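The letters A, B, C and D name the chains in turn, as written, and every chain counts its residues from 1.
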Amino acid sequence: MIPTAFEYFAPKSLDEALRLVERHGDEAKLLAGGHSLLPLMKLRLSVPRYVIDIGRIKSLRSIREDAGALVIGALTTHHDMETSELVGSRCPLLAETAAEIGDVQVRNRGTVGGSLAHGDPAADYPAAMVALDAEIVVAASSGTRRIRAEDFFVDLLTTQLRPGEIVTEVRVPASPEMSGSAYCKLHQPASGFALVGAAAQIALDSNGKLASVAIGMTGVAVRAYRARAAEAVLAGNKPSGKLLAEAAEKVADGIEPLADLHASAAYRRAVASVYARRALETAISRANERKA
Amino acid sequence: MKIEGQYILPGPPEAVWERLNDPAILVKSLPGVETLEPDGPDRYRAKIQYKMGAVSGTFAGEVELSDKNPPHAMKLKTSARGGPGFVTAVGQLDLVAKGKETEVHYSGDLQLGGLLAAVGSRMMEGAAKKSIDEFFQAIATSLGNSSQ
Amino acid sequence: MATTTKYVGKPVKRKEDARLIQGIAHYVDDRVLPGMLYLGVVRSPYAHARIRAIDTEKARTAAGVVAVLTAADLSQAIGPVPCAAQLPDLKPAPRPVLALDEVLFVGEGVAVVVATDPYTLRDALDLVDVDYEALTAVVDPEKAARKDSPRVHDSLADNIAYRWEIEGGDLRKAFRQADRVLKLRMTNQRVIPVAMECRAALAEYDRGDDRLTLWSSSQIPHLLRTQIASMLKIHESSVTVIVPEVGGGFGSKLNVYPEEALVSYLAMHLGRPVKWIESRRENFLATIHGRDQICEMEFAVQRDGTLLGLRAHIIADLGAYYQLLTPLIPTLSGLMLCGCYRLPNVRVEITGVLTNKMSTDAYRGAGRPEATYFIERGIDFVAAELKKDPAELRRKNFPKSKDFPYVTATGLIYDTANYQAAMDLALQKAGYKKLRREQEAARKKGRYIGIGLSSYVEICGMGPSSAMPAGGWESATVRIEPTGSVRVLTGSSPHGQGEETTFAQIAADFLGVGIEDVAVIHGNTSIVPYGIGTFGSRSTAVGGAALYRCLEKLRDKLLKIAGHLMQEDPAKLVLRGKQVVSRRDAHKSMPLLDVISAAYMAKTLPEGVEPGLDETDFFEPSNFTYPFGTHVAVVEVDPETGTVKLLKYVAVDDCGNVINPLLVEGQVQGGIVQSIGQALLEEAIYDEQGQLLTGELTDYAVPRAADIPWLETYRTVTPTPVNPLGVKGVGEAGTIGATPALVNAVVDALSRLGVRHLDMPMKRERVWKAIRDASSAPSGRARKAK
Amino acid sequence: MSVSIQLRVNGKTYQSAVEPRLLLIHYLREVLGLTGSHIGCETSLCGTCTVLVNGRAVKSCTMLAVQADGAEITTIEGLSAAPEAGGLHPVQQAFREKHGLQCGFCTPGMILSAVQLLGDNPNPGEAEIRRALAGNLCRCTGYQHIIESVRYAARKLRSQKR
């Protein structure tokens, strides 16, 4: 209902923000759109002493191209992502994923940086980010570093981010010709989070074989992951119904699925296969459409 | 919520047993526990500062060791209560010698109350497993340190 | 009805909307009084625990905190929450306003804090330290009913609150004669009302006038006033209850709650206004829940589908304490369990069980959705077992329209109906035969499409008084003011149903005035006459009937005066277009205002006619009303994930005469969607320790706009003779009709796999599991129902 | 430890000193007395507190007042006061015309979400309307009349533009 009291800072620049996070470390929480943090604070499940509102750092809200990569500022809202022409043309998977997040109001305020830094195991973006081989750029007073999305997510609500670091942008490599992508999501009916989210990013070669295939899964386990075993079944092969089904069977290989009120581990595992297969089917048919 | 698992710890059961019964080790190993004050035999009052990502909170807690059968088995009960509700974890620990190491089998029951039960259940099983991992990792580390 | 109906029967736009769409309406929380304090409740995180100690010191001394009180301070001053139910051998389980020694459910109040602002209050609530000793929680109602179960209440011998039974006909004979006996066990799960506005209460006490004013988000202002006066042991004449705008009730505000008494008491004792606003979290924990019944049914049937007899046992989970009507609700299920069928031989037993949970009570439909679900699911089950078309089986067992009034084996007298006509229309609108062909074609392609029917009858227009715990009548007063404006005062207490409009429609037509001339006043116990309130689809059927009779009296008086002035036989005069017009000669007329003036000037009144234009009526209905209808749902099940997609929904409802078709449609649509919620999404889940796991909107799913298909709604019209308007009520129809249609459709979709029954909510995993279990069974058809 | 903020609400400029933890919904309701926006939950899921912040629909219970410093806010009270509308906003009129409300508690938020939708998409289909309103719960209407209201408003707004 009502958060506990905290001290508030609204830095205007990244440098100022970095100085503040360095000074307050673990006792501070960064506030961007607020749609991960404020609900927790209102329930008093999060009780930071300092809140550093980075929402006014204009340099963090941008979408641009840089050396072939799509570079998305941390303060880019889900709505920006959903409606950006640049994202739509260069990386439709991200636009499609953004459109599946929460509801209109959430997409208007929630930011990509905030969502990634929160590390919610059921958030939507991580599936796409790991499938896209995106890099998450984090800054600290000592300098910046880039973390591969696949490494960034560590555990429940836990990422590679260290105290004193701020996510500043996400770099997404350009996707090859004749690629296709899709995000298929089974919504948790109450909260809208992903019970299972499967992101597929594939590319076909001129013979119709899968030149590359990446499958990112969210909601299934404590962190988003690449379904490598499933990818291995497909890579270099011509997709067929049988092959896709065989690959989909492997999307949760070696994974311990989460279990909660809304889905048991067995159900998550089964639906992960179904949704991965559907995402692959859609991605392939989209790639074929582009080809034609 | 039932939780089960096993760990291999570097050292004989006697050494593991000693660590598990040492409040100085416990306070360092139990995730989030800041202080342990004795409150009767094998009972401690704890101050717990819990943090997992953005989730954080201060809880008052208790740690209790019981049904001891040194160095084979014991019950470890930890409980914490605070604004968002309470958590009680009762775990049975069984220690079995495996060569120079000890296999610890634990099986326990995790009970959540209040708001934690309502909104925390999505994460709680994972969080509990993570905490248990951290606990045994810390015990393992303490064993490693002493053997050096 | 009046000679002209300019308004009645027309889709008149609502009068209440102007303020609501502009954000200038006032709900309780919108009211700010000078010096107002804020009250919060410290609630138990345990389902069952002994309170060892409560340390209030830190909270009491915090800045901005005015008072901290526990049961020790209040238990003598405030009586327990009232329960109006009277059943033979009902064990007492009254709810104290705050728990004294033991808490019996998660969310039960143990202390209150009063502070100067909501933020200070929230902080202070965390400073109250309660030391609990956890006790064994009793959660499963069937286990709770066993002799060896731990007890919820120490003071009671066991957890069985009551046993109730009803019997009609010769059941033994029916079962002896039956070709088949078919058994089915079903649950109608616990659900949470989730009115968009949580509960709210604000009290102010004027010591000089000895006047307590309580604003509450309630459906029953007068009953609340009476009960607050008796809980606080004060004069009822000192208490005014004001129910301003109410953001939905659905039965959850047809109750008296501890917080209403607490703010009242504290306002009196602190001498400052005290406000309490429920959080959604509290709304989940500590506002009544609904349903929660398990039913075992046995049908005695003939091979041709004729129903001979029904034996049923219902276990009803009442929760820890009784709220206003808690024990009574399941008995309504028992009474209505025969549904709309000729079922001459019946026996229903109900066991009401206490558990460590929030109380169940009247949730939209209150007992009838459960009954309808059980019988309608049962009918489809019987049809499937006998390999009959479910529509044919229904047709075979409906009473004919000439059989009405129809007396059921449970002793109810169904007023009027044509079940057949409603079902035929529904089947026609849904294209039933075509649907069956499409279903068959889809099956061949491996698609799982199902068609589900539900023919329901509900018990509405709650009266008569003989059958109600606190009176079944309703009141109305109509005043025509000297300027010609009309004021309708009603004891009903609408909160979204739109009676400010429908009652104005009735009055305007009756008096031949414009709808803009009529103001409908409700919800202030110092202004309107005593009333029973709005629930049980009763406002128009009973409150509207009281209004009608007031209007008759007023019309007769106006015509008598007009006849005197116009020198015309009053019987030959009508009210039309603000004129009194002669039926014999249309040129002979007089402005209505002249007649009204005459009534107030009182210089030219006919002999024996009193001055003024002010009539009151208390209408006592002779019977309930029994609306009915048939709903058809078409679903497709995704066999890989268990996702149920609703493809089509057709509803035919018969609520008798209709005052405003737009509003009737709104009621039906809203009810259906609430019911879709129960069928597919909603369930209050308590764990083994009695923790409410679905205790926030994050985990309790209510339908959203994107979850629902376009609903097709139609009506048949069979008026009732029970009230002069011929209306039956429509507030609950949708909620009652829809759940079985949906479950029947899903079971129908999966029947070829051998699925014979599914319990609600038909969540994806449950459906997926049923498919998987059925598919892996050696012989699908031979599987037993669960 | 209050923070000074300045913002425009319904066309009026306000300057206030607020506690950092004050939620925007409480600022609007308790400080400015604009009680048309309601509170229906604490988990950002019901949408009854929806207001427009710089033209976008936002749940004002999930935003701090300090975050709104410098923002332009429209609440339901400001929608009808908007000078270009001349009385009721077409979406407000439509809700009345099509019986898009019953108890009215969700209505202000619902209307503001619909206003944003029609700004983005002047001719939305049923599915688009349902998706745009997915962040606003209504327990009374079953949504159908709300959808009809939005369609009606869309027609009206389109004809006004012509």
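What we mean here is this: a residue touches a chain if its C-beta (ideal position, glycine included) is under 8 Å from a C-beta of that chain, and two chains touch if they have at least 3 such contacts.
Every value quoted in this text rests on a predicted model; they were computed, and no experiment measured them.
Between C-D and A-D, more C-beta contact pairs are found at C-D.
Inter-chain spacing, taken between the CA centroids of chain A and chain D, is 29 Å. If you average the Cα atoms of chain A and of chain C, the two centres end up 44 Å apart.
Distance between chain A and chain B, defined via averaged C-alpha coordinates, is recorded as 33 Å. Multi-chain contact residues of chain A (touching two or more other chains) are listed as 1-2, 4-5, 43-44, 190-191, 261-262. Counting partners per residue, chain C has 118-119, 126, 279, 281, 693-694, 696-699, 702 as the residues that reach two or more other chains. Residue numbers of chain B whose C-beta contacts span two or more other chains: 83, 115, 119, 121-122.
According to the touch criterion at the top of this document, the contacting chain pairs are A-B, A-C, A-D, B-C, C-D.
Of all residues in chain B, only 51-58, 83-84, 115, 119-123, 125-127, 130 touch chain A in the complex they form.
Here chain D touches chain C in the complex through residues 19, 21-22, 26, 29-30, 33-43, 45-46, 48, 75-77, 79-80, 88, 92, 95-97, 99, 101-108, 111, 126-127, 129-131, 133-134, 136-147, going by the rule given at the top. Per the touch definition, chain C reaches chain D in the complex via residues 11, 13-14, 16-27, 29-30, 32, 118-119, 194-198, 245-248, 250, 277, 279-281, 495-498, 662-663, 665-666, 669-674, 696-698, 702-706, 708, 710-711, 734.
Against chain A, in their complex, chain C makes its touches with residues 118-119, 122-123, 126, 279, 281, 640-641, 643, 681, 685, 693-694, 697-702, 707, 763-765, 768-769.
Of all the residues in chain A, the ones that touch chain C in their complex are 1-2, 4-5, 44, 186, 189-191, 261-264, 267, 270-271, 274-275.
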